[in-house]
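Next, two complexes with subunit A in common: one pairs it with subunit B, the other with subunit C.
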Partner chain A sequence: MPLVNYATREITCKIVYYGPGRSGKTTNLHYIYGQVPNDRKGTMVSLATQTDRTLFFDFLPLDLGSISGFNTRFQLYTVPGQVYYQSTRKLVLQGADGVVFVADSQARQLDENIESMQDLHANLAEHGMDVRAMPLVLQYNKQDLPRDLIHNTATLDDALNFRGVPAFAAGALHGTGVFETLRGISELVLRRLSTSGSPATPSTAHAGSR
Partner chain B sequence: MELDARYRFENYVVGSANRLAVSAARAVAQAPGAAFNPLFIYSGSGLGKTHLLLAIGHLGRQLQPDLKVAYATVEELVDELNASVSSGAVEALRERYQNLNVLLLDDVQFLAGRRETQAEMLRLFNGLQRGGRQIVLTSDRPPAEIADLDERLITRFSGGLVVDVGAPDYETRAAIVRVKCDERGAKFEAGVLDELARIPFGNVRELQGALNRLIASQTLGERAVTPDNVREVLGERPEPAAAMATAGRGAAGGSEFSSFLSDLSAVVAQQIEPWRIRLLEVMSRWREAGFMTAAIERALESADEPDVEATIRQYESAVSRLQSLARDAEGLDPALAASDVFRDPERVGEAELAVARLLGAAEPPPGPSPDYVRSDFEVGPSNQLAVHAADTVIEEPGKKYNPLVIYGPSGVGKTHLLNALGNELIGLRGGATTVACVSARQFTEELIAALRDGTIERWRARYRVVDVLLMDDVHECAGTERTQEELFHIFNALYASGRQIVLCMRSAPKQIEGLEDRLRSRFEGGLVVEMQPPDHVLRERLYARSLTASDVRHDRSLVDYLAARAVANVAEITATVQRLAQAAEVVGVPLTASFARKELEGRLAAPALAHNGNGHPADPLFLDEEKVIWDWPDVSGRAIEEFR
Partner chain C sequence: MRARAAEAWVEAPLQRFVDDARVQFALLLHPSGQVLGQFGFTRAVDVMAACALGAAIHASAGELGKELDGHPFRELYHAGRDRQVFIAEAATARGALVLLTAFDAESSLGLVQVYFRELRDALQHAAPPPVESGPALDGNFEQDLNRSLATLFGRAQLPAPGDAGSHSPSA
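Up next, the complex of A and B:
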C-alpha cells in the first residue's frame, strides 16, 4: 500500500480516476496537465481510440517536487469506462492508493454510474482490497450542463454516495472542481501516511504502480 | 580563543529553511578552505547565524584539534584594529589573523560605511584566501545589499557560496522547542509544544522567549499550561485556523497547481512526525556523502519516538571516526581506504583494526636493539629474580607476569635485560611477534612530533597493535600529563587483550613522584622486581667475562681481588678492566692481582672510576674528597704547589 519510503525519501501515490464511459475522467487529467508548470511537466500518456475514447488508460505522472523533504510523485491513471474493458480496469486498479469516482451528472446516465460503481467495488474486492478502507472521493461532473438535463448533487449523493465520502461538483471541461477533487483525494491518501503505521517496505509499496 | 560551547551542530535544528546553510557549514567545518570559501551566510536576526558560525568552529576543532579558529564580530574587529593602531601594533594584529586556519566573522553588515576597516578587511581577506584559509561570514543581508561596501569586498564575499537562512517552518519550530525544552529539562502537557510551534514566530529568539514564558509560567505555579491556553499565556490572540496552510496558499500566487501543492505540503507536514523528518535529514545527508545509515533507518522504523538526538550523536561520532580513519588509510593504502568498511559506521571496530594493522606494518614502532643478547646476560643473586621473571615472560608472554616491572639503579643491566627479552620474543615465533621497545623519553618525543604533525591517531595505532610493549626509563614520564595519558590508554588496550608489557624504571613505582595513581596501580598489579647493584657472585662472573672479552690473560686471584671490591653498576666493572689492561700494557707487565691492587689503591683514581655517572666516587678509597683532584677547590693552584 502507500506510499512513504523513508529510505529513499519518497512519497508516491497512485490515484485512479474511475467511472462510466464518457463521464470526463480523461478531461480531468487534461485539465490538471494544463495547469502544471512547464518545468514540472512529465509526459501524459494517453492511449485513445480514433473516436477519442480511452482505449487502454491515461497516465499522468506528477512530480510535485520536495514536500517536507520528500520527493513527492503522484501518478494519476484513468480506466477505460466502457464495459468491455473490464480486465484493463482491474489491472489499473491494482496498487491504487486512492480512487476518484467521476460520475456523469446527466440524468440519463444514472444507471451507468451505478453500474460502474458496483463494478469498482467488485474489482477492488477481487484485488483483495478493503473497499471501506480505500480512500475514495466522488466527483459529480458536467454540473455545468443545463439544469433539466442533469441530476443535482443531492440526488446523485442519494444514488451513489452510500459511504458518505467527500463529493465534489465539477465541470471538468472548464476546470471547475477539478483541483478540489484532486485535493480531496490527496488529503485522504496522505492522511494515511501515519495511520498506515510503520513505513511501508519499498518493495511492496510501489509494486503495483511501476 | 574560546568559542561558546553551547552552540554546536548537535543542538542546531535543521529544517527546510536552513538545510542548505547547514550542509554548507558542515562541509566547511569538515574540510576548511576546501569547499566553499568564503561561505557567506545571511538571514534576519535570531535565525541562528551565530550559532551556525560557532558550530563550524567547534566541529572543525573537534575533527582537527590543532586547527586555529577565531571568532569575532565586525565590531570587535574594529575595536581591535583601533587599539592596535593606537598602540602601533597593527602588524602584529595582521599577523595574528593571517595565521588562522578558520576565521569566523559575524555581523559583517556593520562594515557599512567604515572605509578604513574595509580596507583592512580587504587586505586580511586577500591574505587568508591566498593561504587557502577558510573564511565564514554572516550578515543580515546579502553582500550586494550592504550599504557603502567596497565593490572589491562585495565580489570577494560573493565569490564562494552565499546562502540564506529562512524563518523556521512549523516542523522546524516544533523541533526547536523540543530541543530547548529538553535542554532545560522542562516538561509540558502533551500538545503544548506543538501548539507553541504553530504560532508563526519570525525568528528563533522570539520562539525561545515564548518558551521561556511558558516555562516560567508553569514553574511559578501560576497555572498549568495546556494546549488550549498556550496562546493566552503568551498574550497571543487565539488563531484557530492553521497558519501554515493559509500562509502557504497566500504565497502561491493564485495558480491552482501551486495552491494545490502548498495544501499538500501542509498535509504531509502534519502527517510526518518532526523527529522522523529530523532523522531523514541526517540520513539523506550522510547517504549523499556515501555512508551507510542502517542505524538511522532502524530508528526511523520504530513506531515510537526514540531518543533522536542521542541516535544522531552516536551515529555522527562514528562517522567522524570513520572519516579520520579513512584519512589515515588513504596515505598508506588507497585501495583499503576505498573499502566499504570505512563507509559503515556499524563497523568502526573493523576499520580501526584495519588501519592499525596497516600502520603497524608501514611504520613499526621502535624495536629492541639487536646488540643485547640474553645469553650475554650474567646472573647472580642480585638480579636473579628479575632474570627469572624475564625468562618466564619469554616462555609465556602475557600470561603470568603482566606487566613485569623491573626497577633498580642505573647501570645494573635493566636495559640489557629488557632488550634481550625483546629479542628473544621476536625470535620465538620467527619474527612474527611485533615488539615495541622504547624509552619513555623517546615515547614523549614521538608523541610531541605526532601532535605537531596532527598524526596522533596514527602514532597511537602503531603502539596499539604491538604484541609486546617494552618501555625503558618509565620514571622519566613522571610529571607529564599527556604522555601518561597516552601510556595509560595504550597500556589498557594491550593489557585487555593479554599482550605482554614490560617496564623498567629507576625506583619502585610507589617511590616515583609524579607518576599518576592510575598508572602506578596498574604497574603494581603485575610483578614488580628489583635489580640491585652486582653482588659478589655476579661481580666474579662479570669480571671474568670482561677480562676474557678484553683478551687479558688472568688468574683466579685477580678475579677474586677485583670481585671483592663493591661496585655500583656494571659499567664500573668494564671501566676498571679497561683501565687495568691499558696500564699493564703501558708498563709491559702481565695483569695480576698485585698489579691491580697497586694500580687501584696506590694511586689517585682515574676519572672513569671516580665518577660513575652519579657524580659520586664509587670506591671507598675515593670517598676522601681531598684525594679526588677534580673535587678540589681551586685545582690549578694546588697542582702548582705539588710540582714545586
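Up next, the complex of A and C:
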C-alpha cells in the first residue's frame, strides 16, 4: 500500500513501468521528466548499460502537490525488459503500489508482450501480491508506427487485457498517451486510498524536506 | 539539523544514531525504497532518489549473498574517496528496515557499526504493531488529481479516462 503520513498529510506511491525490452518504458519516463518543472521533480536516476539499455532500473520522483489535502509524491520506476534480467525485475517490483504495462504494438513483438505479462504475474505472485487487486493499466506503445507493422488496440486487448483494465494507445517518443497513462494509473492507485485503509501510525512527524 | 521521520517512533532512535555515530547522512527506509526517516538531505525528491538506490543496493546484495553464501548479505560497506557508505538491515515488528548512512573522517566504520547495533535494538523496542487506518482520501480526489497533473505538465485540464486516450477492452 502507499505510504501515508496522516500527521503531515503526505502520501508516497511507487509505480512501476513494466514490459518487454525496447517497448518504451524508459522513453515514458524521459518524456515525463522533460515536461515537469524542476521544482516538482528530482534527478532522474538511470542505471543503464553503455548502450543505454536499462540494467537495473530508471527512477523518477515526482511531486504532484496537494490532492484532497495530502501532499502527494509518486516514485516512478522502470524495470529492465530483457528476459535475462528476471531477478532484477522482481526486486524492482517489490512494494509497488501500481503497475503500468508498456506493450510494444509491433506485430512481431506480440509473443514478447505475452511473455512479459506472464512474467509480471509470476513476479507479483512471488511477492505475495494479489494480481487481481494490483492497480494496473496497459499502454499500447508505438501506435504511431505504420499500420502494417503494428497490431491495433483491439487485437492487443484480446491478447493482453483479460482483466479489462484501462488501456491507452501511445507514441511515447513524441509524448502521445504518456500523460493519459500516468493519469490512469494515478487514479487507480489513489482510488484504493479512498476506499480502503493504509498501514500507518496515527502519530507521525515529517520525513521529507522541501 | 534534526532527523525527520515519516513515523514518529523512528525519529528519536535515528537522531541518537546520527549524534552518536557522527554521520553526515542517514536514511531509514523500507526495502521497497519508501523513506521512513532521514537526516542530512534538504529536498524530499533527493531523499527519494537516495532511497531508491539504497534499496536497490540492499536488494541486489541480498540476492548475491543467496547465490554465493546461501544467505542474504545484510550489511554492506563502500569506501569512497572522502565519504564512506554503510548499508544494513534491521528487523522490527513493522518488518525489515534498511539503514543507509554516509560518513567522513569524523567517524569510522567501527563506530558506525557499533551505533547501528544500538539503533537496531532501539527500533526493535520502539516499533508499534501495524495499524490499519481508514480511507485517506475522500471520494472526490479526481478533481484535485486532474488539476495537479495539468499544472505539473503545463496543460489545460486533462480529460478523464474514457474521454480521450483510453478505450474499453474489446474482449
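The rule is short, and it goes like this: the second predicted complex is superposed on the first by the 194 of 210 C-alpha atoms of A that agree within 3 Å, B and C clash if a C-alpha of one lies under 4 Å from a C-alpha of the other, contacts with A are read in each partner's own complex, and residues count from 1 in each chain.
Operating definition for what follows: contacts are C-beta pairs under 8 Å (C-beta built on N, C-alpha and C of every residue); 3 or more make two chains touch, one makes a residue touch a chain.
In this text the structure is predicted, and so the values were computed from the model without any measurement.
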{"item": "Clash or fit, subunit B versus subunit C on superposed subunit A", "value": "clash"}
{"item": "First (subunit B), second (subunit C), both or neither touched by A:14", "value": "second"}
{"item": "Touching partner for A:29 - first (subunit B), second (subunit C), both, neither", "value": "neither"}
{"item": "First, second, both or neither for A:153, with subunit B first and subunit C second", "value": "second"}
{"item": "Residue contacts on subunit A - larger count, subunit B or subunit C", "value": "C"}
{"item": "Touched partner set for A:102, first subunit B, second subunit C, both or neither", "value": "neither"}
{"item": "First, second, both or neither for A:91, with subunit B first and subunit C second", "value": "second"}
{"item": "Touching partner for A:4 - first (subunit B), second (subunit C), both, neither", "value": "both"}
{"item": "Subunit B versus subunit C as contact partner of A:72, first or second or both or neither", "value": "both"}
{"item": "Touching partner for A:179 - first (subunit B), second (subunit C), both, neither", "value": "both"}
{"item": "Segment of subunit C intruding into subunit B (one of 19-27, 109-117 or 145-153)", "value": "145-153"}
{"item": "Common interface residues of subunit A - those touching subunit B in one complex and subunit C in the other", "value": "4, 6-7, 11, 32, 35-37, 64-68, 70, 72, 179, 182-183, 186-187, 190-191, 193-194, 197-199"}
{"item": "Subunit C residues touching subunit A - in the complex, by the definition given at the top", "value": "4-9, 11, 30-38, 41-49, 52-53, 56, 59-60, 63, 128, 130-142, 144-146, 148-149, 151-155, 158-159, 161, 164-171"}
{"item": "Of subunit A, residues touching subunit C in the complex", "value": "3-8, 10-12, 14, 32, 35-37, 40-43, 45, 47, 56-57, 59, 61-68, 70, 72-73, 75, 77, 87-88, 91-92, 94-96, 153-154, 157-158, 161-162, 164-169, 177, 179-184, 186-187, 190-191, 193-210"}
{"item": "Complex contact set, residues of subunit B against subunit A", "value": "16, 171, 255-261, 263-265, 267-269, 271-273, 276-277, 280-281, 283-284, 297, 300-303"}
{"item": "For the subunit A and subunit B complex, residues of the former touching the latter", "value": "4, 6-7, 9, 11, 32, 35-37, 64-70, 72, 175, 179, 182-183, 186-187, 190-191, 193-194, 197-199"}
